[in-house]
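The data blocks that follow each hold one structure.
Here chain A shows up in two complexes: once beside chain B, once beside chain C.
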Partner chain A sequence: MKPFDIPQNDYMYSGHVGCPGCGAAIAMKFALKALGEKTIIVMPACCWGVMSGSHPQTALKVPILHTAFASGAAAASGLRAALDMRGDTETTVMTWAGDGGTFDIGFQALSGAVERNEDFIYACYDNEAYMNTGVQRSSATPAGARTTTTPGKDWKRTRKKNIVEALAAHRITYAATASIAFPEDMILKFKKAKSLKGGSRFIHIFASCPTGWRMPSEMSVKIARLAVRTNLFPLYEVEEGVRYTLNYTGDRPVKDYLKLQGRFAHLTDQDMDAIQKMVDEDWKQLQKKI
Partner chain B sequence: MARIERLIGRGLYQQALECLLVENPFPAVCGRVCYHPCENSCNRAGLDCAVAINGIERFLGDEALHGRIQPTVFRFPPRGKKIAVVGAGPAGLSAAYFLSLLGYGCDVFESRPEPGGVLRWGIPSYRLPEDVPAWEIRRIQSMGVQIHCNASVSADFLEDLCRSYSGVFIGAGHGKSLTMNIPGEPFALDGLDFLAGVKQGELPDVKGPVWVIGGGNTAVDVARTLARSGLGVTIAYRRTRSDMPAFEQEIEPAMAEGVRIMELVSPVRIEKQGGSYRLVLQKMKSTGEKVRGRMGAIPDGTDVFSITAGQVFTAIGAGPADLWIPPLPGDARQIPLSHCTAVVHEIPLVYGGDLTNSRKSIPDAVASGKQAAMVLDLLFTEGKHDIPEKLKAFHVGAGPSLSMEMYIGGERKERSRRVVSYGDINTDYFPPRPRVLKSSEENTAGEDVAVDEARRCFNCGICNDCDNCRVFCPEVAVVKEDGSARRIDMDYCKGCGICVVECPRCAMDLEEEPV
Partner chain C sequence: MKKVLEGSHAVSEAVKLARVRVVSAYPITPQTHIVEAISEACAEGSLDARFICVESEHSAMAAAIGASSGGVRTFTATSSQGLAYMHELLHWASGARLPIVMAEVNRALAPGWNIWMDQTDSLAQRDTGWIQLYCEDGQEVLDTTLMAFRLAEEVNLPVMVVLDAFFLSHTWEPVDVPDRESADRFLPAFFPRVVVDTANPCNMGQMSPPGVYMEMRHSVQMAMQMAGECLNETEDAFYRVFNRKYGRIEQHLCEDAEIVLVAAGTAVGVCREVVSGLREEGEKVGLLKIRLFRPFPSKIVSEVLKRARKVAVIDRNCSFGVGGIFAQEIKAALFNSDHRPGVYSYIAGLGGRDITPDTVREIYRITRNTEKPEPESVWIGLRPDE
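And now, the complex of A and B:
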């Protein structure tokens, strides 16, 4: 991999209160590098709601509109309408929500806004559980994971909800997955989302969480990369709900990814084989659509 | 090494060669004849195949040789001291070069009519064309080193030198062939003499089949030279091939050119038989016990057999002339080191090169000259105490290699001494890619190939500005102000360690703050 052309400007300050090695912090950094200064962030309850701090000392160089857990997409719809009324069509509105505010609590608002084809970007940084409240499972928690609400031998047995497919079913203008381990890919996708102004755009970001996943903070990016390299979290794009583009093909067994995290420490070889089967099946399904 | 490859990868050949010239006066020579142990420890081998360091060195050396770059060699101002060097072989010339770099004047005394030692007289032209060492020796001369040829150093002359110089380096080499002490030995031709003759354009009229007795590089060079002239050649060696002191990368091409090796045979006598010779050989067997790293061999019973040879050559090794045998250990004035032995009389004498090196090779000779220059400088500036201890500060890697750049306080001195291993490399950033530069005796790699090959280098342990640390830092705490190097803003770093893991080449390390 050669040094790539990543925008030099950062719209995030040092000194946010995220945990060491926070994947969501890296995600925000890349997203804002792509979107630039003319951006307003709508933020429902999530880790970042805490991390950014309160005005006028927030960790971001762009304005933030904090909103209730369920209403990230609804508030963004309203904000867009207000900006349009003022004649400001240049500013990008981006909802920045965690998986809880997207997959679970905010899902109806999101589904409604996307159905209305509201003109904003909805970015979900997915750390696969309700992390800042103490690692409770969400519908984004993957099968096999331990959380505080799926503890011990009661680890989560059901699959992670496939949010991109759910949004593709809405025939959304643009939906894509991105990973903090692939900065160039992620920045390009945010730039593309910005350029597709006029309709709803959704980016699902894989953002590792050292605290909740029980892994060393320095492994944050490495593990995010492994999620892609094992095809567990494929990098792809969907335009208008039907035109699929695959950005990367993995080459590693899912075991390599699972074994590095404490949240999967209880899994037996058989369990891991079962997860591998799920991954293979999903991968096959995805390839049929490409 | 990593830094040199990095500079080449960016097309900065001049800086790369200047880096290299601080450590080695003979890049074009070593790029051809070095047995490149560096490639054996190259971390890239863990992924696909070691970087072709030797071939890149040759490319760089030749860039200067063809005048495409004119590197400036760093030198200290003159110190007003003169050193005499005995022998203009690779050890003596290196000593003179490094001493001159450190600011000493040097006079080199060589018994033969031209300088170079084994480079001039011992290595066949197909491996090292004459103009290559000649050019690099001229570079050493251009630094002010005076080479006096046809100047044999006798015991009396040595005493004179001791009176008129501040120090003496003795790199007289092993020029006296060992003898087998068997009947009929005078019928055999001496390998070293033969090679020297060939280098002067005298190819004696040799009849095949040829038998070469010995197992070192000289034996292989003799065998290859003759095989190339179309003769059938067999090397007779008393141990097995794996015990041969010759380097594997010399044995292999020799065999490819038709040289055969007969293992476990020892010569008993040579008899004249009409126009040819009868070589009587004794079958040997392994003792099963290693002596100094090599399997011992003893006669296997009493049976002998004989073969008919058009000519027999001996190349069973060489020793020093009596005058140059270093004093025995135990002498209080002696300082034994890895590549040389210093003896402090009224003035310091340093024995080096083949006289003291356990492995007789060009890179070891160069290393010896470098170590000797450092030792002499330390003796003059800091006295004779704790020299081995002081030298340790300039070691690179796990072996005895010394860095002149560190000695003169260059940039390298600031770098971490940690030796990066393959396990420290983040291979996520390096897809496997086979060697681009394939070694060839005939041709030096072209620019494209050399640059491409240099880019295969992991650049272990040194920053190549990939920017990963800054890109991935979740705290925006790796800062790069315009034009300056990256630094970590310690007020905001939370010590997560992502930058260390995502550094592809282990140029960063996480240390706990002392409490």
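And now, the complex of A and C:
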């Protein structure tokens, strides 16, 4: 990747009520740097719903329209329609939702909006559980993880839902993964998403959560980088559901990533091998599409 | 111009006249004809609006909320299961003070599947902060829909226009459809009080802790308390243009009535017939039609009913464990009044069963011949042995 300047403009105030090291805060900062001030955020219930500030405060310099947990994509569809009817085609409407609001309860609305090819960006910051309500599992929780609803010996056995593939199957205009550890890549992707106005665009952001993943807050970015470097969270783009571009190729074993987090502390070597196998399989599947 | 219209199309004609800009809806019998006609109007260009074919009612109301927050006149329509599915967002729409208008075709809730007339769906949403208006015939449906936009935008609360499944939605009647110019005179362009705007970035609908939440709820209640008066003003304005008005309630022959029947929706029409007949037979009977259910017009209702000896409320709904919902509201309205007539609560016509003149006569007869109301609602027309 060419050297790149991070835009100086900031649309986040210096202050939010997220936890120290919150990956989702970093994600928002970069997303808005790319999108600029002509952006309206539609926000279903999630950590960010709280972080954005209690009445009458706000953490952002762009408007936020909060909405019910399942309705991020639907509320954005309505807002987009209103702006269009008012002749404002310039403003970007971006739904900003957690993994629960995207993979689970909001999935139907998202699928509907993408099938209608609504002209908006849907950004999902993925911290791999329902963090706002106290670290319960979601369908984005990876195999191997303990959460408060997959505790003890009942740690999660099933795979993480592959949301980008699900959206690619909708032939979505643009879908991409991004990571808080790769800010240039993330900014480029948000800029690209903005420029592809006219259809639905989806960005899946890996956003670490020190609190929920049981690790020190200063590990947030490092862990996010390792997720990419182990091919556990590959950085790639899909256009029109078929044209794939891989942005990074990892070279590290998944153990390096798993071992640093309390949520995986119970895993045996055998368990970790099994997870490595899953990662390898997924990586192979992805490479077939490139 | 007089046209012969289905009740559903009385709604869609009004939506066209109201120059609605965004409609989001999901199909459910018997609401479908309303939204089909609107989507046709959008397609052929007679209505300059965006029609969003969402994938569920939850999304229909969410999209309506998004659109209304974006500052345009917004409409949706649903029924029964669809309304129940929207429940979470009904609270959202009123809490956010959005003037969304929704046509709600009263239909029974499953199980068993039943697409016919029943009021339980809309009445179960009575605490959601929506203004609710119940219609008696096709003309009233059209007029009420048009009025609903003006009322909603005046008080910044959403309005539900309620019409009976099939008895209204699928019944063709002559309806006077206003011309464009008169409709515009009655209903000015929409100027939203609050709108999401990048020039004035606000955090809308955010976390609201105990220190502020209660005041927000209070503001909704204050708006509701104003809504009755606002409806009067809306009706006066409507009357000046169209020479028609309906009122929050309508009292028919109540002045000297010993027994007053109370009903809402198309059952009112049947009651009118029966009351006329009974009057000819010398019975001192009157009729109170409830048009505005939320806010409940307690004061005028108790004014009208305090002269009566007995009140017979016909409910096409049931709140299990209590009984007829209109009856509860009537009792509550009367409780602090000096003169409290006996309130006789009847449940009839659920799930599309007819309320015939005989049903109403039976209700009248039982009321007249029973000294005191039963402790529980009396079910009329139940089949024996079941």
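Assume the second predicted complex is superposed on the first by the 283 of 290 C-alpha atoms of A that agree within 3 Å, B and C clash if a C-alpha of one lies under 4 Å from a C-alpha of the other, contacts with A are read in each partner's own complex, and residues count from 1 in each chain.
Methods note: a contact is a pair of C-beta atoms (placed from the backbone, for glycine too) under 8 Å apart; a residue touches a chain by one contact, two chains touch by 3 or more.
Note that the coordinates shown come from a computational prediction; the quantities given were computed from them, not determined experimentally.
Per the definitions stated earlier, placing chain B and chain C onto a shared chain A by superposition produces no clash, and the two fit side by side.
In the superposed model, A:M219 makes contact with chain B only, not with chain C. With both structures placed on the common chain, the touch criterion links A:L65 to chain C but leaves chain B unconnected. Between chain B and chain C, the partner in contact with more residues of chain A is C.
By the touch criterion defined above, A:T268 reaches neither chain B nor chain C.
Of the two partner chains, neither chain B nor chain C is touched by A:N9. By the touch criterion defined above, A:A25 lies against chain B but remains apart from chain C after alignment on the C-alpha atoms of chain A. Nearest C-alpha atoms belonging to chain B and chain C sit 19 Å apart in the superposition, given in whole angstrom. Common to the chain B and chain C interfaces on chain A is no residue. For chain B in complex with chain A, the residues that touch the partner chain are 426, 428-429, 465-467, 471-472, 474-477, 489, 491-492, 494-498, 500-502, 504, 510.
Put simply, chain A touches chain C in their complex at residues 37-40, 42, 49-50, 52-58, 60-68, 70-71, 73-86, 91, 108-109, 111-112, 115-116. Chain A makes touch with chain B in their complex at residues 1, 3, 6, 10, 12-16, 18-23, 25-26, 29, 180, 183, 210, 216-222, 225, 229. Residues 21-22, 24, 48-50, 52-56, 58-60, 62-72, 74, 88-89, 92, 196-198, 200-209, 212 of chain C are the ones touching chain A in the complex.
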